[in-house]
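Chains: A, B, C and D, in written order; residue numbering restarts at 1 for each.
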Amino acid sequence: MTVGIEYYVLLSAALFCIGLFGVLTRRNALMFLMSVELMLNAANINLIAFAFYHGNLTGQVFALFTMALAAAEVAVGLGIILVLYRNFRDVDVTVPSAMRW
Amino acid sequence: MVVFDLSEWTWTAMGPALVLALTALALFVFDSINPRSTNRPVVAGIATVGSLASLGVAVWYVLAGVGHPDTGGAIDLFGGQLVVDQMALFFMIVVAVVTALVSIASYDYMRDHAYQAEYYSLMLLAATGMSVMAASNSLVTIFIALELASLPSYALVAILKDNKGSVEAGLKYFLIGALSSAIFVYGISLVYGATGHLQLEAIAANLDGEYNGLLGVGVLMLIAGFAFKTASVPFHFWAPEAYEGAPAPISAFLSSASKAAGFVIAFRVFTTAFPLETMTDFGVDWALAFIILAIVTMTVGNFAAATQNNVKRMLAYSSVGHAGYALIGLAALTVDGGELVLGAAMMHLLVYGFMNTGAFLFVALAEYWGVGRTFEDYNGLARQAPIACVALAIFMFSLAGIPPFGGFWSKYFLFTGALEAATVNPALLVVAAALVVNSALSLYYYSRLVKAVWIEDPVLERETLTQPAGLYAAIVAAAVVTVVILPGFGPVAELAYDAAAMLVG
Amino acid sequence: MVGAFEFAPAIALLPLAAFVVALLFGDYLPKKGAYAGILATAGSLALSLWMLVAVFGGEAYNEELYDWAIGEEITFHFGILIDPLSALMLVIVSLVALLVHVFSMGYMNDEGETGLRRYYAELGLFTFSMLAFVMADNLLMAFIFFELVGLCSYLLIGFWFRTRSAPSAAKKAFLVTRFGDYFFLLGVVAIGATFGTLSFAGDASFVDAAAGAIDAGETFHGFSAETWVTILGLLVLGGVIGKSAQFPLHTWLPDAMEGPTTVSALIHAATMVAAGVYLVARMFGFYALSPTALAIIAFVGAFTALFAATMGVVKDDIKQVLAYSTISQYGYMMLGLGVGGYVAGVFHLMNHAFFKALLFLGAGAVIILMHHEQDMWKMGGLKDKAPVTYYTFLAGALALAGIIPFSGFWSKDEILFDAIILGLEEPIFLVAYAMGLLAVFFTGFYTFRMVFLTFHGEPRTDAARDPHPLGWNVKAPLAVLGVLALVAGVANLAPVAKLTGVDIVFLEHWLDGEYGAVDGLLYSEYTATAGLETAYIAGSETITLIAAGVLALGLALGGAGLAYVLYNVPEPKAHTENLGQAREVLRSNYYQDEFQVWLATGVTLPLARAADRFDGSVIDGVVNGVSSVSLFGSGGMKRLQTGVVTNYAALIVLGFVALLVFFGVYGGWFV
Amino acid sequence: MNEWIAIGALAFVGLLIPLGMMAVSYLLRPSVPETSKRATYESGEVPTGGTRIRFNIQYYMVALLFVVFDIETVLLFPWAVIYRPALESGQVTLLEALGPMLLFVAILLVGLAWAWRNGAVQWAKSPHRVDSQAEVDRP
């Protein structure tokens, strides 16, 4: 039984929305980051599913790149969260709000 | 004309980006040899020489006609993943110029900083990313280059580790950036789903109207990614904070080069992969999206800038406003063409690269002096530093679009281009009107700064101000170009129009 | 003679260099920069003469040198046009400028004036601007330098800016001429916009374009081409009327006499005022296309000639008399041009430049003699004490009055002749002719009234009894100009030529391209274009010629004779009382100033007040409202930036969803 | 669609059972809060300190390096898959096939060398040194 392409899209959309929900509600920087990773992986699901659907490998290869870049992004992000903690003694993303208006 | 044959070594067409990458690696190697040294002259020197070399190569290529229709047209690399044409070279020049100016200025600004080599190598890596963005011709390369440009930028904004402002800015920039890149890559996946390809020409060839909804959402998500990179409303929220909190040279770098790079991929993607005619048939009228974005961005940017008290933040918002002006380049594209207005947007980005970089570098100078951040703190600076303040006045008036300076011309061409396109699409009249209204408003807050510097009396007595050579050199160079670009506008305009014509035609 | 024209820019640039030198180093130079000016103008004169010789050798020059603004529709450039007309004018201007510079040493330096650095710098700048104006090959360049000479005039009239009257006169001159220039500017813009070119000559001249448009029967803005050309011509004429002090914009010139007399000689007699008339001559091909414009020029000129001459009759100040005579004489030139007498007009322009410069410099000499007294009633009997001044002044006066054989006679006679032959065909021009003719009488009268009051009779004050001595630098320019006033008429002895058949109409050949010329700028072509019909008394040219000449000469002699009777007595009395009511009218210059002041205060001021009130309440209200609303909006808009990154994410998502929904519905993706 | 109903039903039941049990127990149990009940349960040990303790920064550094370098292998993977077929096809030379990957690895090596030289893989002796080390890490 082949699963229809629309279900993959639905799955990835659900994952994307879960990630988005996390982004909007989590105040912990790490959770924020994880939520973003969810969104990226939602894209990966899409890419691989469509690669299968279209019968070319472009999407799969791109998914690999996305993963690598996501890792790099996490690395940079963790560094920033580290200095955030050092400066604010907290990893709550809503705390640093000195610059506004 | 230099006769230059790239047929054997086509990858050398990426020369400007390669030079930047090699310079970044060289800095890493240099720093690995003696990690504890902070040899500022050598490090800053390598960065400056590297970026100037990149500029030199790019200018040489332009003069030699690389990618020009007369010499065989655009050069495709790696199966069309990269393409080097005149627009690519044009933006490589913009990136290299800004990088060079910022490198020179950083020599003084970052004088007490511990991570010298890291700072410059991150900057050059980001510049490499931007340079590659200019030549990217596939959503894969675009995404990779975009991330290559973004990731070092996040680190650069937060590089003042003990400065709460810098860290806050870095965090916000990073979080919004991560969110935007997730949206962007999801958009890519949707476009891939709708067409089965990621290479831009292949996408255009495979638009069959089967999955319009998918395609439409995907295109909107791509727009979101570009809007983030170019700091366009509603993806601009990171910009005021990031520019305000970051070290001022980095603000200059991001608001000029990064923005230009964001625009170049937007130009390329939307003209190459999504021909307006086809897309309008499919119900995906992206030009309309850009019209809305342009108007909103201009208005929000300029209005928010009008009542700022912090100079850097004012410049940050004005940078948002200028993104709106440049968006006209895409908004005014019509089915019949529009290379004029696209070329005008490219010119605006070039001129902006000088005047905005210069303006932020003046802020860097003020921070170097430690005079403070608000307009009042800047009062009467002209008495102590007339040269820099003349340069500042030039930048401000050019940003506002006052005639003799470069900023006027590009804005003028944008305006006429929008009016011309309005004959096809009346909505552009609104855009043109918004351009005029916002320019008028922008004059208010730009001249406020000039007034503070030249007319007002200092609130407090200041000690004599030093004249850091690097910062001064960069500021004066930017000011000189902002002025002399007027007589030089012929060739610049020609190049921009050629580049735009290749893309649209 | 190859390459003569390569040096043409230097003609103008030399005085510019003198300006810079005088401005920067004037205080350290001997004579405060006078020598720099003299050297520069001498150089210009030499080069101008070279140009004259080159043109005489059959060459001409029309080059665009530098494009300073390139557009799609129109390109603005600087260029040089040297043809017979401009070559002649260059010589006149540089010669008079040179002589005035020399004279200035006597009039300004030797009299111990201060601020001479400024004086010579401004003089240099003026000479530069004037020469560049003369050489201009397009209307915009001409306009630029037209304005620049106006500026210099303003500066030099206000040279003694510490007095009360000089600054006010300077302002008046500036404003009145600017008023005319405003129309000129409109004309320049309109011509450029209509024809896409502003060149005087060459393949792409607006004159050709206009002629082509008329031939093709095009229409512009709902007007036929001919009407439109008339409108354009009249717009440009606005500048001419202002600059050449024609009615009704003549009121500034008498006041301009507040400047140093040398300035009056150079700027307000020989050159700048001539710029207006020169401009008409320069674009005569354009005016020739429009008989209406020509007729208006003729009537303005004729009326001004008579009107100013009558006012000159009652003036007591020697410079005032000369000022009104200047206005009057330029009226003659306009009359000449207006009736198609291109050669006559240019001829008079040349002669007038010489004899009026002479008279002004003579007046300057008299003022030196009189220890800076200008009231003629306080002079008298200077004839014996200053013979050089007297005889040169007399030569100028004879020329001005138009007494044969002095130069003024020949040119004025030619103008009147051209007017009458046109008037005989089209009687309306007889009115213009009559005004011109009548003015001859008044000219003769006031000229000799001035001569007799100044030089004849008994000295009436101590100053006149013991005049201040004069230096060589005062006498030499007078002598040169005196000779020229006598002999310049030889250039075009048209009546003699017609009577005797000897070909001595040198100037006519000169202007008709007998030697070098630029295509399209020829007298004969103008005549052909204008196509004015003429007729003669009893069908005979000779009779007409003699009748007109005798009539004019007789009137001039009559005027002079009346002056002789009334004023050539040891103790002359003011006879103006005999004029009764007319005296007051004349003395008050027909209440022109009062009228203009009334126009300003009675009409313009209330209008301006109303506009100001409108501006203050409605416009400012709207503007201030807009700005308050903007700033308020700005305050609101920046509150969007809460500083909390989660809010940003929410707003981004919200914005994106809004776009998504809008485009989804708009593009029908979800159907 | 039909075959998915079973899965959906399974998921529904799977969620319903634990939720229902928690709801029932919430309704039935008495609520008597006291200190020992609210204390953190640490398998019988007496809890000490807060929930958040600072890890040695080197954990983080090494972990980060691992993540970054490890993930780069995913980029090597597709290359490895096509390397041999590409060479056998004869359309690419050894240099063309091997060169880019060597370049890629070389760049990674530059990064690794830099990280090494900057002390990223240096193991700190005690947690106390970490903070001071971080301060003196750079002059």
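Keep in mind that, in the parts below, a residue touches a chain if its C-beta (ideal position, glycine included) is under 8 Å from a C-beta of that chain, and two chains touch if they have at least 3 such contacts.
Note that the structure is predicted; figures quoted are calculated from it, not measured.
Engineer: Relative to chain B, which chain has the most distant C-alpha mean position?
Structural biologist: Here the answer is chain C, farthest from chain B.
Engineer: Where the centres are mean C-alpha positions, what is the separation of chain A from chain C, in Å?
Structural biologist: The answer is 79 Å.
Engineer: Go ahead and note the Å separation of the Cα centroids belonging to chain B and chain D.
Structural biologist: About 35 Å, centre to centre.
Engineer: Just the number, please: Cα centre separation of chain B and chain C in whole Å.
Structural biologist: The answer is 55 Å.
Engineer: Mind checking the centre-to-centre distance between chain A and chain D? Centres are C-alpha means, answer in whole Å.
Structural biologist: About 14 Å separates the centre of chain A from that of chain D.
Engineer: For chain C, which residues are shared contacts with two or more other chains?
Structural biologist: Chain C, residues with two or more chain partners: 638, 641, 643, 645, 649.
Engineer: So which bits of chain B are touching at least two other chains?
Structural biologist: In chain B, 171-172, 175, 179, 183, 240-241 touch at least two other chains.
Engineer: Of all residues in chain D, which are in touch with two or more distinct other chains?
Structural biologist: In chain D, nothing touches at least two other chains.
Engineer: Which of the chains touch, listed as pairs?
Structural biologist: Pairs flagged as touching, ordered by label: A-B, A-C, A-D, B-C, B-D.
Engineer: In the complex, go through chain B and note every residue touching chain D.
Structural biologist: Of all residues in chain B, those touching chain D are 25, 28-29, 31-33, 35-36, 38, 114-115.
Engineer: For a test of understanding, state which residues of chain A touch chain D in their complex under the given definition.
Structural biologist: Residues of chain A touching chain D: 1, 61, 64-65, 67-68, 71-72, 74-75, 78-79, 82.
Engineer: Can you list the chain B residues touching chain A in their complex?
Structural biologist: Of all residues in chain B, those touching chain A are 139-140, 143-144, 147, 151, 154-155, 158, 161-162, 164-165, 167-172, 174-175, 178-179, 181-183, 185-186, 188-190, 192-193, 196-198, 214, 240-241, 244-245, 313.
Engineer: Name, in rising order, each residue of chain C that touches chain B in their complex.
Structural biologist: Contacts found on chain C: 70, 627, 630-631, 633-635, 637-638, 640-641, 643, 645, 648-649, 651-652, 654-656, 659-660, 663-664, 666-670.
Engineer: Which residues of chain C touch chain A once you look at their complex with the stated criterion?
Structural biologist: Counting only chain C, the residues touching chain A are 638-639, 641-646, 649-650, 653.
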